[in-house]
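The following pair of complexes shares a single chain, chain A, combined with chain B in the former and chain C in the latter.
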Partner chain A sequence: MLEPTIYELSSPGRVGVEFPAPDVPRAPLPEELERQDLPLPELSELDVVRHFTHISNLNYSIDFGFYPLGSCTMKYNPKVNEAAARLPGFAHTHPLQPIETVQGNLALMFELQEWLKEISGMAAVTLQPAAGAQGEYVGVLIMRAYHVSRGDRKRTKMLIPDSAHGTNPASSAMSGFEVVPVPTDNRGNVDLEALKSLCDDTIVGLMLTNPNTLGLFDENVLEVTRIVHEAGGLVYGDGANLNALLGIGRPGDMGFDILHFNLHKTFSTPHGGGGPGSGPVGVAAHLADFLPEPVVGIVEEGTEEIPPLYGFIRPIKSIGRIKSFHGHFGMAVRAYTYISMYGREGLRSIAEHAVLNANYLLARLRDHYPVPYDRICMHEFVLEGHLPGTEVHALDISKRLMDYNFHPPTNYFPLVVREALMIEPTETESKQTLDAFADAMIKIAEEAKTQPELLRSAPHNKPVSRLDEVKAAKELVLCCWLPEDVKA
Partner chain B sequence: MFIPHTEEEREQMLRTIGVGKIEDLFRDVPESVRFPDLNLPPRMTEMEIAAHLNELSSANESSRDLVCFLGAGAYNHYIPAVVDALIQRGEFLTAYTPYQPEISQGTLQAIFEYQSLIANLTGMDVSNASHYDGATAAAEACVMAYFHFRGKRSKIVLSPALNPQYRQTIRTYMVGYENLQIVGDEPERDPLASPDQLLELVDMQTALVIVQYPDFFGRIQDWTQFAARVHEAGALLAIAINPIALGLLKTPGAMGADIVVGEGQPLGIPMSFGGPYLGIFAVKKEYVRKIAGRLVGETTDKEGRRGYVLTLTAREQHIRREKATSNICTNQGLMALAATIYMSALGKRGLRQVSELCYHKAHYAAEEINAIDGYEVVNGGPFYHEFVVKCPLSVEEINNHLLDHGILGGYDLGKDYPSLKDHMLIAVTEMNSREDIDLLVSVLQEVSENA
Partner chain C sequence: MNIPTNLKYTRGDEWIKVDGNIATIGITDYAQDQLSDIVYFEFKVDAGESVSKNAIIATLESVKAAADVSTPVSGEVTELNEALTEKFESFNSDPYGEAWILKIEMTDPSEVDELMDAAAYEKYIEEREG
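Moving on, here comes the complex of A and B:
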């Protein structure tokens, strides 16, 4: 046991944070509705602080080290973002306040919408979706609503490249569409001939990630979007890899009709151990009326002296509401802060250095690991994690990297590469860090030949070794054991 | 800024790559769309942006400036300093989803503890690692119930007293399920009528019934009989909860709920103008394999040490792709952590205290307001910390007047319910002192006298 659970630390009668006695008369409690026991732990505040400090130390994090997770864009999360989101005017406003009392929030949201439009080349943006996967679902629902609004009900097939994230097919299926995979050609692009043969008047559209999950920019992107449009379909852009395109190329200019953003990847909001994310969606002009409600707009024009009055607007053909209130506002504040700090002059340098870093690592590793699509890459690249003449797997290489104090790359994805190791360094890593990582990868490639057991039994110096996932799924212990006195 | 490269390092790296300049790395991007000029404001240093943000933030009037009686799905509660101090630790804040358990035990144990606390608070067997918010958790309950019956039951019954935003979100989510009927909350129905009227709609075609406790109007009731009737038709019952209320009230688990959903924001998460929040989702154990979202399970490592992993991942989109029943990828990790720390720090005694404070103060406020000429509390029956007041003039007029006195008034129910025009939903929490409430009462009285 590394650290007891909060229930194991609990001591009956111990008190943590206390509240004042009521300053009003006590109202009678509805006896039949009163609960008899409240099985929560009983801890002092120091117990709580030590417990969570102890377990935090069992985590790897960006603040601790290099996190080359492909498709996750684990860049530095600036501390000023955290201070910004905690300003009392932001953190303590109620979402249903009269708009006149929250003009600062609305101005920030409006401006962020405008900036995301400018960065992506889209005509309208909503900040409402809670995460990338939800933004994707919004995109699919908009595609559906667009076709239905034109009386075009025979479109049921969604084309999805075989290299796509699993969320793409899942989002399509949730919306009742049939998923049709599109193969990748030998340069890692969408196979144009296959695409043409799949495009007819039954396609909803194409869900395309560009650069794709191989880290490659689709050289034929203009052709791809043209083919889909000619068949009456829409092109959805998965914005997971937008970090490579900031100031480099705008999806709107390439023919994308819809794009989701991941504020937690591209725009530096923290991943938080798996959320909260934020997944704004941008659309081309012909889809603006379908955006989920609400979007922030100007409800009363300003003058030279008086600023405009911002408020919420329901697009006229809106697909509806996709969550409570207006999105992850706290994440919008962080992204706004981040974009402000790069501005017109600096935004492109993010993509440039992300791509520089990826190509540098690729150049250093190319002779040591098989590279399935060996081209200039964008912000990430994929290696094969099986080495000729050895029996080790991508998983073993990943676990061994932990011994060298690096987080492993994304592994076994994309599915089109055998034993994939997908590496995304981001722009915030220095040459020294990249060199240290490359050195470790090269050393591991040697170890795979000379001491494969070292890889197969890795990691060796972490709080726990490899965990029994079969046992976890079989026994399904999903809740702390409750000491008898807590249960009672 | 946050890019560390020196000019010399850039040159060395380009040489290693074998290109002359950075621009050469972008030749795959068609020239016609390459390197657009972006019309963005000039960049700011940290000092400048900090000042600018302070200005924007100060342009708002927050619940620090105003006395807040607004609830309707987001609530103003006290957040002990320990919560924010701990969630700001970079080890939690800047970690990824715990796919690599050997170096993610901190996140995994915290989620495991979150699952345990939520299960115990709601009286359910299993909680997942969270959804985005209360509304999306409710929508996921619909998806789960639909697939539980393999699409063979085509009706979902929504209580009109379920948060209107939850109902809207459910309709948006379920649009792709074309044979599905969503009923129960038609505008002509009296939203304040007894929920037993919904039982007439429950039949052998019904997959799921969703009610709220306390409901959108703050009312509380024992759902045990209702649950039995829903189960007689073979349908599932989901109860949407407010977790603070469960510090005091009988659990939905004890009343027979199959699914519990809820908005976790009151558990130590700032209102933050609507998000990020926390979607609570808990079920009876027979449905554990049907729930969407992440689950953390206990196991052991090769040396037999206890550890935690993400489990039942074979249900998820990254494995099942289009066969997955949900596309959900993240949970609300950091918000779930905040709730875990909040519940641990308050513990058995603290949560009960907060829960009782809300209850007593709301009842004091309701009694005082009901005594003013022209106002009437129309809940009928027991309520928790929100209640409906019939007002002598429009809610908007009253709220404007309250705002002049530094009070953020209640929610205008007429926006969602035509039959509740001029009805205000007032929320009271531990943050409202007796003086606050007395001030509200005196201004309401003044408004009524001048009307």
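Moving on, here comes the complex of A and C:
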């Protein structure tokens, strides 16, 4: 064992912090609320510090190295975001404070809503959803509420391209809709003929990611949204890949009716273990009245001398409240800071460099790995981790990359590519880093031919070697102790 | 790749065995090979239920992906292979035998005519292998 669990380090009677004797009468819990079966670990302060420091050294993060996890946009999270989020006026406020005392916070939320509207071409925005998947769910509920408000109750089918993120069908199914897959054509676009044949008066709409998970901009996006609209459906935009479009193209102008943003992808708030996420949703004008409540608005216009009074507004046909309080406010502060630091021209340069970096890597790797949909990509691209004449798999390539100190790309997704390796470098990487990664990938392709066993048994220089994923998935042990193991 | 000649095949990599009006359905050797080790399996229909062509009858998960299993024929589910929910490693070890998923009494046996035979299925795999 690399590092024992904190329970294994426990030594009976050891204490980290001695509390002073109480100077008020004891008020014990009622007996029925007391329990004996919770063996909390007993350690000294130094034991605890060392344990967590050891564990943190085993971790991998964007601050440690390159993290090309496709569709996750693992870009660098600028430290200035953290400085802003820790300003006492933001960090020490409470969501139940009277609005007069938190006008700065509300102004920030209002302006962030305005900026997201401008960036996306949407008419109204809510900052509430906790992350992308909840944003999708909100979007789908809005689609349902819109159809129902028009007395149109026969729409039950949600069209979803076969390259979509798995959350799209999940959000639709959770909303009670039938998921109907739409095939991808041989250029990686939505298959228009198939789409036309599926569009009728029973469709709720289409959930589309553009650029899609193949990293390709749908060349027929205007035609796609037109076909869905003509059938009376709405078009939902999965904003996971918005990084490729910032300052260049606006989903609202492409015919999307709804779009979620991932602040933890596009707008550099922490992603993964560092979260929480944040998934604001923007809608076109005809859906603005359905947004979850509350949205931040101006409740009293200001004058030249007096600023406006910001407050909470309930859209008149609101689908209701979907998150306690006002979403993940700390993430709104970080995203606001990020957008402020870049400004209008800077935002555009983010997209330009994200796309340039991805195309540079694709150009370097094209001759070494099969590329299923080979055309100019956007912010990411997909290779096949299946090398002709070898027996290695995408998983082996991914594990071997760890030996070269790179986080593996997303593998086995999207499902439309066999042995997929989905690579998204983001705009924050230098040419030196991209070259080092490409060199490693090329070397691994060579190793796959000459020493395939090296890949199949990788990683070799990491704290743990190849994990038994089947055992991990089948034999779930989610608790390090069982109640019956503990003496009452 | 094992592709028995007495079975019919779908583009979704299911196999179907026809015995009179009864169709037995499972996933192919190619499907289990692509998915790798199956770690989860669940029926999506009950015995006695009527299903229409293309309905999802089961879902399974491997360490790589989750996949739905659909029925290529309409009819009434007559029998589920309950043993599978305990022993889904048989998908990997014996996809055409022990890992049959369910049986359907077909209402329209002509639906079988639209399916691929072993030779056509083999060609279909080759196309995808590029």
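Rule of thumb we're sticking to: the second predicted complex is superposed on the first by the 446 of 488 C-alpha atoms of A that agree within 3 Å, B and C clash if a C-alpha of one lies under 4 Å from a C-alpha of the other, contacts with A are read in each partner's own complex, and residues count from 1 in each chain.
Everything below uses one rule, namely that a contact is a pair of C-beta atoms (placed from the backbone, for glycine too) under 8 Å apart; a residue touches a chain by one contact, two chains touch by 3 or more.
The structure presented is a predicted model; accordingly, all values stated were derived computationally and were not measured.
In the superposition on chain A, A:Lys317 makes contact with neither chain B nor chain C. Once chain A of one complex is fitted onto chain A of the other, the partner contacts of A:His229 are absent, as it touches neither chain B nor chain C.
Annotation for chain A, partner touching more residues between chain B and chain C: B. With both structures placed on the common chain, the touch criterion links A:Glu42 to chain B but leaves chain C unconnected.
Using the contact criterion defined above for the overlaid structures, shared-chain residue A:His368 touches neither chain B nor chain C, since it reaches no partner. With both structures placed on the common chain, the touch criterion links A:Arg50 to neither chain B nor chain C.
Once the two complexes are overlaid on the shared chain, A:Gly327 sits against chain B while remaining clear of chain C.
Of the two partner chains, neither chain B nor chain C is touched by A:Arg456. Once the two complexes are laid over each other on the shared chain, residue contacts for A:Arg418 go to chain C alone; chain B is not touched.
Chain A uses residues 166, 413, 469, 473 to touch chain B in one structure and chain C in the other.
Listed in rising order, the residues of chain A touching chain C in the complex are 166, 370, 395, 411-413, 415, 418, 469-470, 473-474. The touching residues of chain C, when paired with chain A in their complex, are 34, 37, 39-40, 61, 63-66, 128, 130.
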